[in-house]
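Take a look at these structures.
Same chain, two partners: chain A is paired with chain B first, then with chain C.
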Partner chain A sequence: MSLLETKGLSINFGGIWAVDDVDFSIEPGQVFGLIGPNGSGKTTFLNIVSGIYKATKGKVFLNGEDITDLRPFEVFQKGISRTYQSSRLCWDLSVVDNLLIGSYTSQSYGFLDTIFRRNYVNHEIEKLAQHGLDMLSYFNPHLLDKRYELAKNIPHIDRRRIEISRAMVSHPKLLLLDEPTAGLNDEETMTMMRDIGKIKEKMQDIAIIIIEHDMKVMEHVPEKIIVLNAGAKIAEGVFDEIIHDPEVIAAYIGGQES
Partner chain B sequence: MEALKKSVHSPFVIILLNLALGFALYGILITESLVSIGLIIAFIALVLFLERYGIVNEVFDAYNDNKVVALISGLLVILAVPVSLKGNIYIAHISTIAVLYAIACLGLNFQMGSTDMTNFAPAAFMGLGAYSVGVATSKFGLSPWVGLLAGIFVTGIFGFMVGLPTLKTKGYYLSLVTMAIQIAFTQLMNTIRYVGGSDGMSGLTKYSLFGYDLYKRYTFFGIRFAPQVPFLIVCVLFLIAFAYISMRVYHVSYGLSLNAIAQDEIAANCLGINISRQKLFAFVIGSIFCGVAGSLMVGLEGYVGPKSYDFAKSLLLICMVILGGMDNTIGIIVGAVFLSIITEKLRDFADYQQLVYGLLLVVLLIVRPNGILPRRVRKYKNLIRRNAGGKQVEVSTEPTA
Partner chain C sequence: MNFFTSLVFSAILLGCTYTLVAIGYCLFFGVLDVVVFCSGDIAIFGAFSIISAYVMLYDLGLFQVLPIAVTTMIILAVAALLCALLSILTYRVSIKPFERSSALMPLLSTIALGTVIREFLGLLFRPLLMTITGPITRVADPINITSGRNPQAMPKLIAPNSSIDVRNYIIIAVTFLIILLLFLFLNKTKMGLSMQAISQNKELAYMNGINVRKTINITFVIGGIMLAIGGFLLGSYQSVVRFDTGSLYGSKGFSAAVVGGLKSIWGAIIGGMLLGFVEVFVSGLIPGGTQYQNIIAFLVVIVFIVFKPEGILGEKVIEKV
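Right after this comes the complex of A and B.
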C-alpha cells in the first residue's frame, strides 16, 4: 500500500482535460519530481490532491484511504501539506505568526481555555512559536531576528523558506512543493536545492513531490521523475532515462514551439 | 526622545499616564462642545506626534510589562471619572452610550477587523438584543437580566443564520447581503405589532442588581452621585470583560486563523483551518457582543424602537471600528468613545452636525488611514534562539498580550 496513490485522476475545465487519467504512487521517504511544459497540468494535479479542485474522474488514496472528496483542511489534517508556485504567505502577518498558522491544527485548547486558562494557553502557543522558529532557523538562522517583521518585508528566497517551514511544522507525511525555485537566481536556486535536501535529513519518512522547471534541480534532488504533457503522464523514471525519452523530448520541443 | 522612551517603562510613569488619560477624558466630557472638540483634536494630534517617534508602541509595551500596576491604577481612574461627575446625569448618560457602543464595536471587529468580512448589520444585532429584553420584561414580566440572557441565545442563533449565506459570498456581495438583513430588520420591527411597531416599546423595566436600584442617587463618602452612575459602572465592567475576551481571542489561534482567512482563504484552508467554522465563529461571537450591548442599551431609557437600530446606526458602528483601528481592541474602544462623545457634543451645532462630523472623519482618515491605533504585531514570550547544534544561544523575553 502506497503512501499516496492516484488512480485515473482526471479533471475537466470547460471541455479541456487539464489532468488526464493520471496513475501515480509514492512511498514514504521517497522524493519525486514532477515536470512538464507550461500548462501541462502539474499545479492542477497538486490542487486536486490537496482538495482545492474536485476531480472529475478518478480517485486519490492516502495510505489506502479514499481522500478524493475531502475538503482542503481535511486533506491537510490527514497529513498532506504544500507550498505554492507564487507564495501564499499572509503578507500582513509577522514571520512567526505565519509559522504559527502552520501549527494551527496542533493547538488543542478550547475557547474557554483561552479565556480562563491564560497561562496554560500562552505557554502552548509559545512552544509552537518556538517550534516554528526552530524549523525556520534550520534553513536560515538569521531569520530569527526578523521574526516580528511582516512577511511582505522579507526577501524572496526567505519567503520560500518561511513557506516551506510553515508547511513542515505540522510534520506532514507528504510535502508538495510547487516550483520552490521560481523567481530565484542561479545562486539562490542552489541554496534552495540544499534546503530541500535538508528537509530529508530532518524528516526521513517524509515523502516529497517537487514541481520544477530547472533541470539542474531535477538531476540531483528527486529519485524518480514523472513527466506530464497536456494533462497526461507520458513518462516515469530516473533522470537519465527521462531526458533520453523521445516522447519527452518531443513534448518539450512541441511545448516550446507553441 | 530616547530618554522619554526609556522613562515610560517605570510603573510610576504608568500611573501618571493613567491619571493624565483620566483627566483628558474628564475634560472632554465636562467642557462645552467647542472646547471639548478642540480637546479631542489636540489629544489625537498628540498621539499622532508621539507615534512619529515610536512612543505609542513603547507605551503599549510598557503597559504590557507593568500589567498589574496599569490595570489597578487604570481601573481606579476609570472609576474616579464617574465619581467626579457627581450630579451630572447628562455626562453619565453619554459615558454609558460610549461604553455600550464600544462593546458592540468589539463584536463587529471579529467580522470586519479580524476576518475582513464587511458586516452592515451590527445595529440589527444590537436591536435583537434590545428587543429580547423588551419582550422578556413587558410581555413575560421577566427580569431584564433574563432578557439579556435570552438575547445572547437569540443573537447567537441569528448570527449563525446570517453567517450561513455569507460563507458563499464575499466582498461587495457580502456587503449587500448584510445591508439587506439590516434593512429587513428595521422594516420588520416597524410592522410587527407585537413589539410595538414604529412606536417601539417604552416604560420597560430597567436593570437592578441584588435588589439595588441602579438608577438611584447613591451617596458614598459624602459624594452624591448622578442617578445613572451605578448602571454606568455595571456597563464598564461588561466592557472590561468583553475587552479581555477580545484580546484573548486575538492572541490565540482563533484570532490568528481569522486573520489568515482574511489574507488568503485558500492557503488558510490548506493549512487545516475549517474556513466555514471559523467564519461562523466570528459571526456568532460578534453578534453576541452586539446583542449584549443592545440589551444593556434598554437600561438607559427603558425604551426600544426600530429607529434606534437602523442602518445609520450600523454605519456609525462601522466608522468607530475603522477610525479606532481594525483588530486593535484598545483602538476600537478609543474610536467608539471618541465618536460617541463627538456625536453628542456636536448636537449643539444643530444643522452643521453632519458636516462637522463628516469633515472630522475625512481628516482623521487622511492622516491615519489605518485608524488611531492600527493592528499590532503579536509578540510571544520566552522565545529562545538555538544555533545549528540545538544549543541555546540567547534568551529573549518579550511581553505577551
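Right after this comes the complex of A and C.
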C-alpha cells in the first residue's frame, strides 16, 4: 500500500482546471520532485493534499485512508507536514518557539495533565524542542547557539532550515516542501538540497515531495520526478529520462527559453 | 489612609475594572484581528445577569438554605455562562459571517449588536426603573432593593458584612487572581498556546495541527467569562449598574487595550491602570474635576495614539512598498 496516493485528483477554479486528473503515489522513504513551469499547478496540488483546497474531483489517500475532505489541521495530525514558498515564521518569536508552534497538538497530554502533571508535560515539550533542535543543528550546528534569538534576526537560509525543522518536529510520515530554495542564491540552493538529503539520514521512513521550478536543482535529490503542465501530469521518471522527454522540453524547458 | 494613598488605591481599583475589559478586547483581537466593539455591553450584560440571578435565588429562598459562598458561586457561574453564550453568539452572528469581508463589516456589526444588547437590557429592566422615586445611592440593604424595586443596585456579593475598603481590596485581589489564571492558561495549556499561535499567524497555526475554529470559539467563551467578571467588579465597585454604561465602559476598555498595545495582555493591564489613574487623579486633584475626568482621559488616549500608535507594548508595524 502506498503512503500517499491520489486518484484522478482535479480542481476547478472558475472554469479552469488548475489540477487535472492527477494520479500519483509515493512509498515511505521515497523522495520525489514535483516540477513544472509557473502556473502548472504544483502548489495547488500540494494545497489539495494538505487540505487547504477541496478537490473538485478525485481522492487523496494516506496509508489507504481517504483524507480528501479533511481540514488542514486534521491532515497535519494524520502525519502530513509542509513548508511554504514564502516564509511562514513568526518573526517576533524565538527560533525554539517557532519550532514548537502547533507541535504540542500531537502530544497525548490533556488539560488535567497541565495542572497536575507539570513535570510530565514539561518533559514532553522538552522532548519536542530537543527533536527540533537536533534537526536544526544537524543542518547547521551554529543555529543551536541562536535558539533564543528572534526569527526576524536569522539569515534567510537558516529561516528555511527552521521551517523544515518545524515541519519535522511532529514526526511526520510525509513532508511537503514547497520551493525550499526560493530566494536563495546558487550556493545556498546547493546547501539547501544537501540539507534536504540529510533529512533522509535522520529519518529513513519519511517520504518527501519537493516542489521546484528549477530543473537543475532536481538533479541532486529526488528518486523520481513528476512533471506538471497546465494542471496535468505530462511525465514521470528519473532525472535523466525527464530532461530528455520531448513533451517536457516543449512544455517546460522550451517554454522557458522561448 | 491619607488623601494621596486613597487616590492611588481608587485608581488601581478603577484600573482593575478597565483592565478586564481591555483583556477581553486583546483576546478577541488576538485570534481574529477584529475589534469586538460590544465587549463593554457584554460586561454590563454580565452585571445584569448577576442581578437577575440574585433576585431569582432570593425569590426561591435559597439564601436562607445555602451558605453565602455557595449562592455567590452559583450567581457568578450563571453570569459567566450567560456571558459566554452571548460572547459566542456575538462571534457567530456579527463576526463569522464577515470573515471574508472588509474589516469594517465586523466593526459595524459589533457596534450594532452592542446597541441591541444595551437596548434589550434597557427594555427588560425599564418597568422596574420607573418605580424609582429618589436618586440612586449606595444601598444599605441590597436584598430589599434588588428583589423589589431597583434592579440597578448591585448585590453585595463580595464580603457583604464588611466595609467598603475590605470589598475594594477583594476586588483588586480577584482581578489579579483572574489575570494570573489567564496567564497560566495562555502559557501552560494546549488551548492557551493555540490561542497564542493563532495570534501570531493564523494560517500557520491552521497548517500546524491547530483547530482554529474551535480555538476561536473557546477564546470567545473565555473572553465572555472575563467580561462577566469585569462587569461584576465594576458593579461591585460602583454599587449600581446602568444598562447604558456598556458603551462608555467598552470605549474605555478598548482605549486601555490600544494604549497598551492591542495584542499584548501586559499592555492591556498597563493601559487599564493608566486610564484608571488619569481619571481618579483628575477628579481628585482638580476642583470639580469629576465632570472633566472622561474628557481628559480620552484626550490622554488621543495624545498617546498620536505619539505611540502601536501602544506601550505593541510592536511597530512598518509597511514596505
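Everything below uses one rule, namely that the second predicted complex is superposed on the first by the 249 of 258 C-alpha atoms of A that agree within 3 Å, B and C clash if a C-alpha of one lies under 4 Å from a C-alpha of the other, contacts with A are read in each partner's own complex, and residues count from 1 in each chain.
Criterion: a contact is a pair of C-beta atoms (placed from the backbone, for glycine too) under 8 Å apart; a residue touches a chain by one contact, two chains touch by 3 or more.
Small disclaimer: the values here were computed from a predicted structure and weren't measured.
K.L.:
Putting chain B and chain C onto chain A via the overlay, clash or fit?
P.N.:
They clash.
K.L.:
Thinking of the overlay built on chain A, is A:P72 touched by chain B (first), by chain C (second), by both, or by neither?
P.N.:
In the superposition, A:P72 touches chain B and chain C alike.
K.L.:
Applying the document's definition of touch, where does A:Q130 land relative to chain B and chain C: first, second, both, or neither?
P.N.:
Touch partner of A:Q130: chain B, not chain C.
K.L.:
For A:F111, using the defined touch cut-off, is the partner it touches chain B, chain C, both, or neither? Pick first, second, both or neither.
P.N.:
In the superposed model, A:F111 contacts both chain B and chain C.
K.L.:
Counting only touches as set out at the top, which of chain B and chain C does A:S170 meet: first, second, both, neither?
P.N.:
In the superposition, A:S170 touches chain B and chain C alike.
K.L.:
Quick one: is A:R82 in contact with chain B, with chain C, with both, or with neither? Answer first, second, both or neither.
P.N.:
After superposing on A, A:R82 lies in contact with both chain B and chain C.
K.L.:
In the superposed model, which partner reaches more residues of chain A, chain B or chain C?
P.N.:
The larger set of chain A residues in touch belongs to B.
K.L.:
Please indicate which partner A:V96 is in contact with in the superposed arrangement: first for chain B, second for chain C, both, or neither.
P.N.:
Touch status of A:V96: first partner only.
K.L.:
Going by the contact definition given at the top, which residues of chain A touch chain B in one complex and chain C in the other?
P.N.:
50, 52, 71-73, 76-77, 81-82, 88, 90, 92-93, 101-102, 104-105, 107, 109, 111, 114, 118, 121, 166, 170
K.L.:
Name, in rising order, each residue of chain A that touches chain B in their complex.
P.N.:
50-52, 71-73, 75-77, 81-82, 84, 88-94, 96-97, 100-102, 104-105, 107, 109, 111, 114-115, 118, 121-122, 125-126, 129-130, 133-134, 137-138, 141, 144, 147-148, 150, 166, 170
K.L.:
Which residues of chain C touch chain A in the complex?
P.N.:
Per the touch definition, chain C meets chain A at residues 188-191, 193-194, 197, 200-201, 203-212, 315.
K.L.:
Quick check on the complex: what are the chain B residues that touch chain A?
P.N.:
For chain B paired with chain A, touching residues are 244-245, 248-249, 251-254, 256-257, 259-260, 263-264, 266-275, 375, 377-388, 400.
K.L.:
Quick check on the complex: what are the chain A residues that touch chain C?
P.N.:
50, 52, 71-73, 76-77, 81-82, 88, 90, 92-93, 101-107, 109-111, 114, 118, 121, 166, 170
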